[in-house]
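A, B, C, D, E and F are the chain letters, set down in written order, and residue numbers restart from 1 in every chain.
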Amino acid sequence: MLQILQDILSGLFETSGLAGLAAEPLKLLMMCISFLFMYLAIVKGFEPLLLLPISFGMFLSNLPAVLPEDMIFHAAYWNEPQSVEWLWKVLHDGGLLDKLYLGVKLQIYPCLIFLGIGTMTDFGPLIANPKSFLLGAAAQGGIFFTFLAAGYMGMSAAECGSIAIIGGADGPTSIYVSSKLLDGADSSLNTGTIALAAYTYMALVPVIQPPIMRLMTTEKERKIKMPQLRTPSKTEKIVFPVVVTLIVALLVPSAASLVGMLMFGNILKESGVAGRLVDTAQNALMNIVTIFLGVSVGATCTASNVANLAFVKVLILGVIAFSLGTACGLGLAKIMNWLSGGKVNPLIGSAGVSAVPMAARISQQEGAKADPTNFLLMHAMGPNVAGVIGSAVAAGVLLSVVNY
Amino acid sequence: MHPLLLANHLIMLAGGIDGNKRPLDGSEIWGVTLVGLGVVIVALAILVILILLFGKIFDQINKNQKEKEAAAAAKKKPKQAPVKKVAAPVQEKPAQKPSTAPTVQTVSAPVSDEDEVIAVISAVVAVMSEQDGKNYRIKSVAKSQRSNGFSGRSAWAMDGRRQNVNPF
Amino acid sequence: MLQILQDILSGLFETSGLAGLAAEPLKLLMMCISFLFMYLAIVKGFEPLLLLPISFGMFLSNLPAVLPEDMIFHAAYWNEPQSVEWLWKVLHDGGLLDKLYLGVKLQIYPCLIFLGIGTMTDFGPLIANPKSFLLGAAAQGGIFFTFLAAGYMGMSAAECGSIAIIGGADGPTSIYVSSKLLDGADSSLNTGTIALAAYTYMALVPVIQPPIMRLMTTEKERKIKMPQLRTPSKTEKIVFPVVVTLIVALLVPSAASLVGMLMFGNILKESGVAGRLVDTAQNALMNIVTIFLGVSVGATCTASNVANLAFVKVLILGVIAFSLGTACGLGLAKIMNWLSGGKVNPLIGSAGVSAVPMAARISQQEGAKADPTNFLLMHAMGPNVAGVIGSAVAAGVLLSVVNY
Amino acid sequence: MHPLLLANHLIMLAGGIDGNKRPLDGSEIWGVTLVGLGVVIVALAILVILILLFGKIFDQINKNQKEKEAAAAAKKKPKQAPVKKVAAPVQEKPAQKPSTAPTVQTVSAPVSDEDEVIAVISAVVAVMSEQDGKNYRIKSVAKSQRSNGFSGRSAWAMDGRRQNVNPF
Amino acid sequence: MLQILQDILSGLFETSGLAGLAAEPLKLLMMCISFLFMYLAIVKGFEPLLLLPISFGMFLSNLPAVLPEDMIFHAAYWNEPQSVEWLWKVLHDGGLLDKLYLGVKLQIYPCLIFLGIGTMTDFGPLIANPKSFLLGAAAQGGIFFTFLAAGYMGMSAAECGSIAIIGGADGPTSIYVSSKLLDGADSSLNTGTIALAAYTYMALVPVIQPPIMRLMTTEKERKIKMPQLRTPSKTEKIVFPVVVTLIVALLVPSAASLVGMLMFGNILKESGVAGRLVDTAQNALMNIVTIFLGVSVGATCTASNVANLAFVKVLILGVIAFSLGTACGLGLAKIMNWLSGGKVNPLIGSAGVSAVPMAARISQQEGAKADPTNFLLMHAMGPNVAGVIGSAVAAGVLLSVVNY
Amino acid sequence: MHPLLLANHLIMLAGGIDGNKRPLDGSEIWGVTLVGLGVVIVALAILVILILLFGKIFDQINKNQKEKEAAAAAKKKPKQAPVKKVAAPVQEKPAQKPSTAPTVQTVSAPVSDEDEVIAVISAVVAVMSEQDGKNYRIKSVAKSQRSNGFSGRSAWAMDGRRQNVNPF
């Protein structure tokens, strides 16, 4: 009896995932990394709506499997030349996460998430104080200076762009840009690691930003109070998405998809006549897409993609990108303060990196620390939502400059 | 070539950089950085100007409208009251967006031409919306922003919207 | 410094959408038309759930773009011969709205919307008074007499059918028929313009119908009061969708998809045992499909499709179709009144055009004008929902008579 | 050929018209118009007849049922009351998993040879649906029709449905 | 006039579905069978959320149609060799239900339903008493002994596996396994009939199980009371899905997709940080998939598939599978009771067949009949949810042993 | 070959059986049956062992934690009360955007070197989850579990989660 059981177990070993694990020990490391991110998502509250699906997807795709038909995700498929036959292979032979990842590769999910974000964004503070746009623009300096750093580190153009966009502090934009740029690129980077880094740093904004903010501003500056903003009229709020889409499409056409969907969502919301659609766009549709996007993007984090030097570079450059973006925003805010004769609290500059609404809350918090009666939240929301538009424009620039 | 000569970079970058190119030369790196940041700033600066402009225009419009309104109110004081009364229930629904302003619009809508019978219709509308209104209020509490904070001007525009609450 | 800025701006012009706009000035006109429809949807409340997505889709697809990879919608793709390679091209090279439009072209969205409509429709008044079916049938006269008019105006069979179906006053049916008939047809019409016209006129029902109703009926007829309808039993309501599907499929098989999904939704609702599914079918699913359908159908309204004489013909024939449908419904109602010895208020005839539930409300309103104690709403709901079935049957006839 | 000879058109149209054909000749145009309208009217007329017929049949069934019911009520008056009483709590439940249900089942269990006591059941059903009708309206306003307006007959059918309210 | 009407009607007959019905009288039989299942679903409450869509899909696909372009479902497509050209044919020429059925054939729907089930399952009772796993394993004996029976009846390996999995009492798993095994198999069975049988018997659990339970247990055993279970900590509940996925993937990699998605849903729920996603996964997403899966799986029940001896065999073997599963669960529970010295009520063994939560309720009910103060529900929930995992593992074994 | 020799079946089945093969021979049938059931039982038995093991480990951890807590509570009793008081409003919010949150954070900010004050925090957590438990039940009835039953430790973790209630 024991002999038989032993035979079974040894037979099982041959055909089971244990053999797969023995063959690829790195998978174990990858699973541990996925556990780390699950921990960060669940216990530390790091952007759990995305990091939890991403980390579980990472776990699923690193489960050992001997036979290709048992694999939930086939990393190898995504380095092959893509054609309609390849599409059929993914649909017919692929695992579930391969099929879901098609929505990322075909650029569908990020646009739909932007639609949902549009229905949840209030551009009122930005309309009330359009100069906030400049802060949202300046904070994109993080993107471009990181491109500079990555370029001088000898990375390829596609890699530079993919890493730089992390500085946009905008998950869907990062996924959109990196999945386009790295499509077919000869790189050890992939969309999954970019997304991991982007969402991790977005969650770390309350850790990364405050020291930089305190370093770059004086106590006196932080105490500056700003007057209450006017309330824009309904008409302005409805005209705004149309104007922004038009201008962005005229100047940076490759940003039109992202900005267009963002503004489509926003006009649905502001019009007040399509409540049904707004509700679905920001709940059912957005959540379905988030689940599919998260778990399939996470699945791209396989051992060969992550356990290498490139991922370390991504992590280092990513935090630099965030810091530089914060610094650029603060810098322009200081200039604006100087030009306005001391009427602009420089703390609102750091909110320009986007990471909505966290970065704006950090501005509020730091302002309140300097003077508890200081209420900067609405003033910081302007640069904050401008940062979303700014990142999308920067994404458009990268996509039009780097041929993919 | 000095890396800060933006225009030159622009010309260089016109054809784009091959994604797999590695390493990038200094001119390309600086080109992307400066031109990229430049484009973002220019694009958003144009938006600053436009949105400021629109703000001014809408302010002007609002101001004009309020003046007209005041004048109209002075003129049509007796007529205004009953209409308001009828329109009121439509506005009372606990929506998410302050809807008192549109009420004024319906009133000042100079009740264009169609409409000697508009009072009759709006009475019907009022009766309808009373029934409808009850249902409606419960719905919006339960689930989502089904309520339309915005309010059209003509009678049938209202009807059109109402249709779409239930629709299609 | 200024020189550099000028250089940048001139460089930007070359690569930006401004150049595209200069090359195709008609796009500007198209955008203005899209603004007009946004205005109608938001301010005038014209079927905003569909006209707002449609008009924003129109706006997005007419944004100027120089490079094909920047375009959100490629009108050119949809005139090409379709094959599996073409499918791959749309999925891989297409913009977001191309991908979403596949759901229209592959006839998926209209059927799913009919599923949702089914879960929201109460056929009770029609079951209580089955003669209402005849009024729902007569009002389809608008469809066929418009076919006549279009035919004599020298249009092709596909165009005649696509324009005629506008008279059905039923958006998804119009989209279903026109996307099938115009698929590969050599025509300057397209699904987008048909949908625009259909939803616009549906919104205009309260303007179009009353004058015709007053013209065709006497004050005395409008004052006719109708007795209260019986309440059909639950069993009848459950049997009804099955019977209707069966009969329609037997007689007009090409209408089976639309009617079948409508009745699938209805039996889910009437059974009372699938509340979960009903809820999702009429909310999340329907709204997602509505967003995708609206914005992608709108995108097909490009300059070459709209800014021509054909669109003007669509608009003129569309209003004729609606008017004739109303008149036919009223006419038969008058005959039924005469046959019944004055027991049928002819005003309920106009509700047969469908446009649920607006047309029925107009009947109620006109009846109440003649006699404030007259309550026609439930009597008009019968022809109203019959009109939906009638339009679907008429759609089936058109699809089986015109080879596409 | 006279355009009003429907049958001829039908034969003509049997093969269908090419979608790109332009211009259509008069016979085709009139053919589509008349035959099309004819088919729609005929199809819906058949539905009129069938639905009228079904209505009559169901009316008859209902009538028979009511008569039986009346007879049954006369016979089993004392038995009816307790059943009603026990069934009541099932309707009152606000939640989806009523553990009181089994009690009802054991009560209604003797109702095994279905037809004879159908009157009693349908009386219960009537009471249920009266209450349920109210529930239904309110529920549909709130979010969804999770309430089951229909009511099965056997003990385990109830349980089966109940399971699926929560499921899977 | 009468003559013309007669001519029209005869012409209609030629082109209508009536002719189709005359040609294939079996369709009438199939429609009647579909009505029977609608009756069972609506009036008898048999798993209506799935049997109602399945039966209506069956009705729709058996509607008579002369022309292929009028058919809502093309059974013939699904016996053809599948390629990317075939995919295009389904998408372009197929009916709506063909398109929806792609989600079944490509193995997408069952995994997504498992995601939703995961968000609704509380593994607490199983964590509190892990020995329940053994009962969930034993009850899978129903699957394997049915394989034995089907094998000796001369069925093919694919058919044996497809019928046996019915014994798992798990709808999505049955559909997952049978749609894989029967893909391209030369069989008169199909996914639709397997699903019909599975859901019918799941609905019949309260009829099938009690007699077996009373037969196999003594009054004294049924009266055994079990002590209250401990409440597992949040951490245990979060670790559980990860551990189960890992172990299952290591031992039976082909079960990883199903178990992985189940556990993905569960960790989303138990983490407590992704409420938005949980809500959508268990409502909008799950319901959409259920509608699509139900109606399209039902459509595969065409006359040639159902009206034959194979379906009768499915029905007979299906009920045997259920009964054996129940018996195996009870048997092991009796052994555990004996080993523990009378501390385990054998009634909880039958809950191991899954059919969540019905089977657990039956255990509770039978226990309460023997002693009204006996409360077994939570103890039965352990084997019940273990049965879901057990069935998925059994599915993995079948899929890895039978080459498809 | 005796059908009960599992190992032999296993070797036989290693290559798998052709799905279309018919009829299966006895060895294949018994092989699938016995090996299949064996694998399922072994797999789930391993899970039994592992979950039992984890249960023991977590029990131990909990026990240790409680002891530490008790010790800590004895030490820092006066400090605990005010934290509770301030934390309360965080739980009371019915909506998703609590502007009171920052206040709480500044209070709990001194709790930076995590380990020492963990007892205080977990006491707060306990109080919170008691209230939260209630919320949870009520919310899940209404629509969905938007409430986060889990509670992070550091100030910004809370902020991070809060952000994601509204987000993105």
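Everything below uses one rule, namely that contacts are C-beta pairs under 8 Å (C-beta built on N, C-alpha and C of every residue); 3 or more make two chains touch, one makes a residue touch a chain.
The shown structure was predicted, so the numbers you read here are calculated from the model rather than taken from an experiment.
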Graph distance between chain A and chain D, where chains that touch are linked: 2
Per Cα centroids, the chain farthest from chain C: F
Chain separated most widely from chain A, comparing mean CA positions: D
Interchain centroid distance [CA atoms averaged], chain A/chain E, Å: 39
Cα-centroid distance, chain D relative to chain F, in whole angstrom: 46
Distance between the centres, which are taken as Cα means, of chain C and chain B, whole angstrom: 26
Mean-CA-position distance for chain F and chain A (Å): 26
Chain A: positions in contact with at least two other chains: 12, 15, 42, 45, 48-49, 84, 87, 251-252, 271-273, 276, 279, 283-284, 400
For chain D, residues that touch 2 or more chains besides their own: 35, 39, 42, 143, 148, 150, 161, 164
Partner chain F, residues of chain E touching it in the complex: 126-127, 130-131, 133-134, 136-138, 140-141, 143-145, 147-148, 151-152, 154-161, 181, 185-187, 232-236, 239-240, 243-244, 247-248, 251-252, 269, 271-273, 275-276, 278-279, 283, 386, 389-390, 393-394, 397-398, 400-404
Chain A-touching residues of chain C, taken from the complex the two chains share: 12, 15-18, 20-21, 31, 35, 38, 41-42, 45, 48-49, 52-53, 56, 59-60, 63-67, 69-72, 84-85, 87-88, 91-92, 95-96, 99, 283-284, 287-288, 290-291, 295
Residues of chain E touching chain A in the complex: 82-84, 87, 106-108, 111, 115, 238, 242, 245-246, 249-254, 256-257, 260-261, 264, 267-268, 271-274, 276-277, 279-281, 283-285, 400
Residues of chain B that touch chain A when the two form their complex: 13, 16-24, 28-30, 32-37, 39-48, 50-52, 54-55, 58, 61-62, 97, 101, 143-150, 161, 164
